[in-house]
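All chains are identified by letter, namely A, B, C and D, in their written order; residue positions are counted from 1 within each chain.
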């Protein structure tokens, strides 16, 4: 029972890693930008939700809607103001630019909202339980699991079934060709940034009842989301979901049976081991050298 | 490192080489021989497998089946740098220069194999390193003279005109002092004038330096003009291997090219 | 012919022309005089500047020259710092090496060498991995080093930390800011010289060749495995040596000092200063370290300012500060008199 | 062209900021001028430990109030706060800048074992007055260099012993476990629990660490459940304390939580919600809800810095670092010197301040505080359980 309880809580945190990682992957496969500000973007949008819910007194559903809108705006704004001018930068240049943005967001959050930890009023309770096959599951876990799955489905529909998704895939294959075909490449990038930030915001909102709201709340979840993305293969959306779930379960089982002190480290050791065997991640496309 | 290819044995021998990507066959059962000092060409319609063949020979791809011998030694399975050390140099269809380096440095990199100074010599600028470096520079100087590159000596190669870049690439390949030089579409994108110069250079290389040259499918008129022998690939298979006059009339070759368009000597393949 | 050779050697020389020599001598003179002109706690900052210059130069060899990303460089700094500290403690206890004139310079070497060994270990997977995948391996390395140090008190002293004996030359203790300053900056100058040597040699050319086109480098005879691993080893050596100096300057080590943010700061120094140029790495390290230490008064605004500068530089000057400097120099040269 | 102008303006900005390494004023007799007393601290205002920065802000607000009342013996107090972002190298630099540059009379507080450890040799060597570094007591016990150090901060180790004994003797719980942060603070708590149990011939049923970067403590809680603990002693930051409490609340049966005083913050009830109900928490100064003087101080600092409302406990703790120093300065009179200040501090015996109660220093005694009391959190409000519990003075 102890084992299955560990697996269950691993699944629940892993699905949140996956939601965070989805934003990273979506952006990477469309624009080849590795966004190190993804976590801090999510944190800031969660802070916005907090302000809406507490100071502004907006109802929960309304706050969530406004927060997701804000996330979208913030993400695409960052693309237009910062990323587009440095579009030609190397992978490293982009990492540094987004890391700089992360510092700005993290610093601004401390200045605006203060450094303290806050509680986000959340409609689901961690203290209402259901017993299923002898396992204890709380309302929050069930709720956030359902929201994660819905988010993944919606993203699937967006990417696979809509015209915009098609444009996104075309741009990810070859942006020059896409431009020739009349696809508004810049707008596709900007929207992708927006959608990615929205995914981050959903992750942040779902994590808020667990990690609480503070300027550092996304530090670990971002690293894990990134790790899940790499584990699954950076250009594979199903990959990051599988990667996140594996990561959550493995680190929990390791923590439960071996050591809680090395719980976080084991995730990265596992990734390195996987990459040594499959350099492109579990479901990633193999990169072929072109001459 | 360099072995002597005693006698008149073949310099390069490609035996029954096949290459597959996933389920797609890029090369099927290719046989090919290059003799020392020879100037030959490998041509074929687009996607016939010329570049794949070059990549197999230079160690960038590993053939799925078959063997490649160079100077009597089996080289498939060796890393690209080891093959380069044995004496095969090449240029690329889409220029692969070190774009942030100067012409001089690009050519000096061609001398990398000939540096007899190690890491610590370099780190502490020992006399051995200094001597070596000067020796390499002298050799590079000769190549720059030969290719007429002195005027762009200190220019970053990315800022050079296209034809000039192609020439720098040839220079870099020559700087390694190869016995076999593979030129993958060297004249693509060149002006007629540059093409004429190139023919001149290729002949020089082959005749004066005694290097065997393999031209990868290029301007057909030029190929017919200078090649001693032509191998024709079509969809990864060798369909002809003979002197230009015979190949030109081979119905299989004409048919292969007709797949796209009637054989037009002025058209690039 | 002799004339030709002289021309080559002239081209290969590090410092060309009288003006450059004068500038260099002035710079060195200023460096030597600084600790006598500034209060001690500024000299302490300059020691950190020097340490970060070393890390940045080494990181630039890896990132700027060879094109391999490392987000875990702080791990190498940590390994160097702890290796050097253990060496100093052991020799101090035994008194053997101290008799030879003090282990302080050897500690710098030991720190570098220990880190270089790990550099090779991290460099090996790098041969197969590209871009973001390599990033996560180095990131994981950095996090793992910190985590292991935290949980292995025998090596790190755990979270209590570990105190570092002061460097000694025989019986002469070099603990003051000024003597540490000369130690740090001598190492800075020596290691910069080595870096300059490497970058103008076939080794440096091979690094750049791998960055610009690894395929072409390989078919031209560059052994990718060797040079990629070498770049990691050399870069780690610089970081490790800097770690040893950090141990001396801080005289105290604690695992939380070696966190992910430090790795990002190091990368920022290299990028802000200018990728692929040694003076650029120096510029970046000096500027960003001074900012970090100098803006304590700005208090919680520092991350915003720091991040803002990084974004500003990336947006306005992708070639970094050094690129801007070269343009200004060119502009002054062409200024109509 | 416009782009170029923009670029140059950008560069100008960068250069000015780089030169912003402000030159400090020269100091005379350190930290005491005819009109001013200069105090300083290095605190984490940014970075992962930024919440602790509220201690410095609380002290700052209180000093503002003191100055508005006319200062001390006609001198106003200048309080310089430098940010170290919780990084030891920067803490060292800040302390040096404060001592050598600003020329402070005393340093107030210092957050984090590593920062205190990195700076303490320097502070001792330069004989700087140092008020209450917020760290464990181990480095001070038996240390001959602490003449200018005055501490009114609870001893984590002794506190853990008090909590453990209370759980066993008063609550009758037998299966005691501990969840602790994997650092000096947590280790002190863990050792206290183990030693107190050993004195009673018992052992903890589980001792589970977590890392400061962990974002979810459900594994730790499951391990506690697996060990069937009926009491958990918690050594954590407020955020992790709340995470742990929420995760422990999912266990069946739910163990009794006893936590370190660092979790005596009102934010805990907001964060952990009903999971914080019934938790037993010590404190070393009375709660504002029960004590008018404390409530008044809280009012004073919130009037001057309303942002501190969400971190009122940290802000008040910052005032406790400062309070004995102000008393010492008052007692030392207008002609204060460092030595007369030390003598004045040593004259403080069983003194009640606005926040602190029963503080004593003396020649050879630098641990001014050795008492805590326990309270139970009921619906977010503390209900006192015990009177002051006194533990041994060790330094």
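The working rule: a residue touches a chain if its C-beta (ideal position, glycine included) is under 8 Å from a C-beta of that chain, and two chains touch if they have at least 3 such contacts.
Being a predicted model, the structure only gives us computed values, none of them experimental.
Peer 1: Using the touch definition up top, find the fewest steps from chain C to chain D.
Peer 2: Step count on the best path from chain C to chain D: 1.
Peer 1: Report the chain closest to the protein's overall CA mean, measuring from each chain's own CA mean.
Peer 2: Taking the mean of all protein C-alpha atoms as reference, the closest chain is C.
Peer 1: Can you give the whole-Å distance between the Cα centres of chain A and chain B?
Peer 2: Comparing mean C-alpha positions, chain B is 47 Å from chain A.
Peer 1: What is the distance in Å between the mean C-alpha positions of chain B and chain C?
Peer 2: 40
Peer 1: Per the centroid of Cα atoms for each chain, what is the distance between chain A and chain D, given in Å?
Peer 2: 35
Peer 1: Averaging only over C-alpha atoms, locate the centres of chain A and chain C and give their separation in whole Å.
Peer 2: 33
Peer 1: Touching at least two other chains at once: which residues of chain A meet that condition?
Peer 2: 107, 110, 115, 261, 264, 289, 291
Peer 1: Considering chain C alone, which of its residues make contact with at least two other chains?
Peer 2: Counting only residues that touch two or more other chains, chain C contributes 147, 150-151, 215, 300, 302-303, 305, 309.
Peer 1: Quick check: what residues of chain D touch more than one other chain, meaning two or more?
Peer 2: Residues 45-46, 50, 53, 182, 211.
Peer 1: List the residues on chain D that touch chain C in their complex, please.
Peer 2: 6-7, 10-11, 13-14, 17-18, 20-22, 42, 45-47, 50, 53, 81-90, 92-94, 96-97, 99-101, 113-114, 117-118, 121, 182-184, 187, 211
Peer 1: Hey, which residues of chain C end up touching chain A in the complex?
Peer 2: Going by the criterion above, the answer is residues 63, 69, 71, 125, 128-133, 135-137, 139-141, 143-144, 147-148, 150-151, 215, 264, 267-268, 271-272, 275, 300-311, 314-315, 318.
Peer 1: Which residues of chain C touch chain B in their complex?
Peer 2: Against chain B, chain C makes touches at 4-5, 8-9, 11-12, 194, 197-198, 201-206, 208-209, 211-213, 215-225, 230, 276.
Peer 1: State the interface residues of chain C toward chain D in the complex, per the touch definition above.
Peer 2: For chain C paired with chain D, touching residues are 39-41, 44-45, 48, 147, 150-151, 158-161, 163, 246, 250-252, 254, 256-257, 261, 287, 290-300, 302-303, 305, 309, 312-313, 316-317, 324.
Peer 1: In their complex, what parts of chain B are in touch with chain C?
Peer 2: 58-60, 79-81, 83-85, 89-90, 92, 96-101, 105, 108-113, 115, 117, 119, 122-125, 129-130, 133-134, 136-138, 141, 172-173, 176
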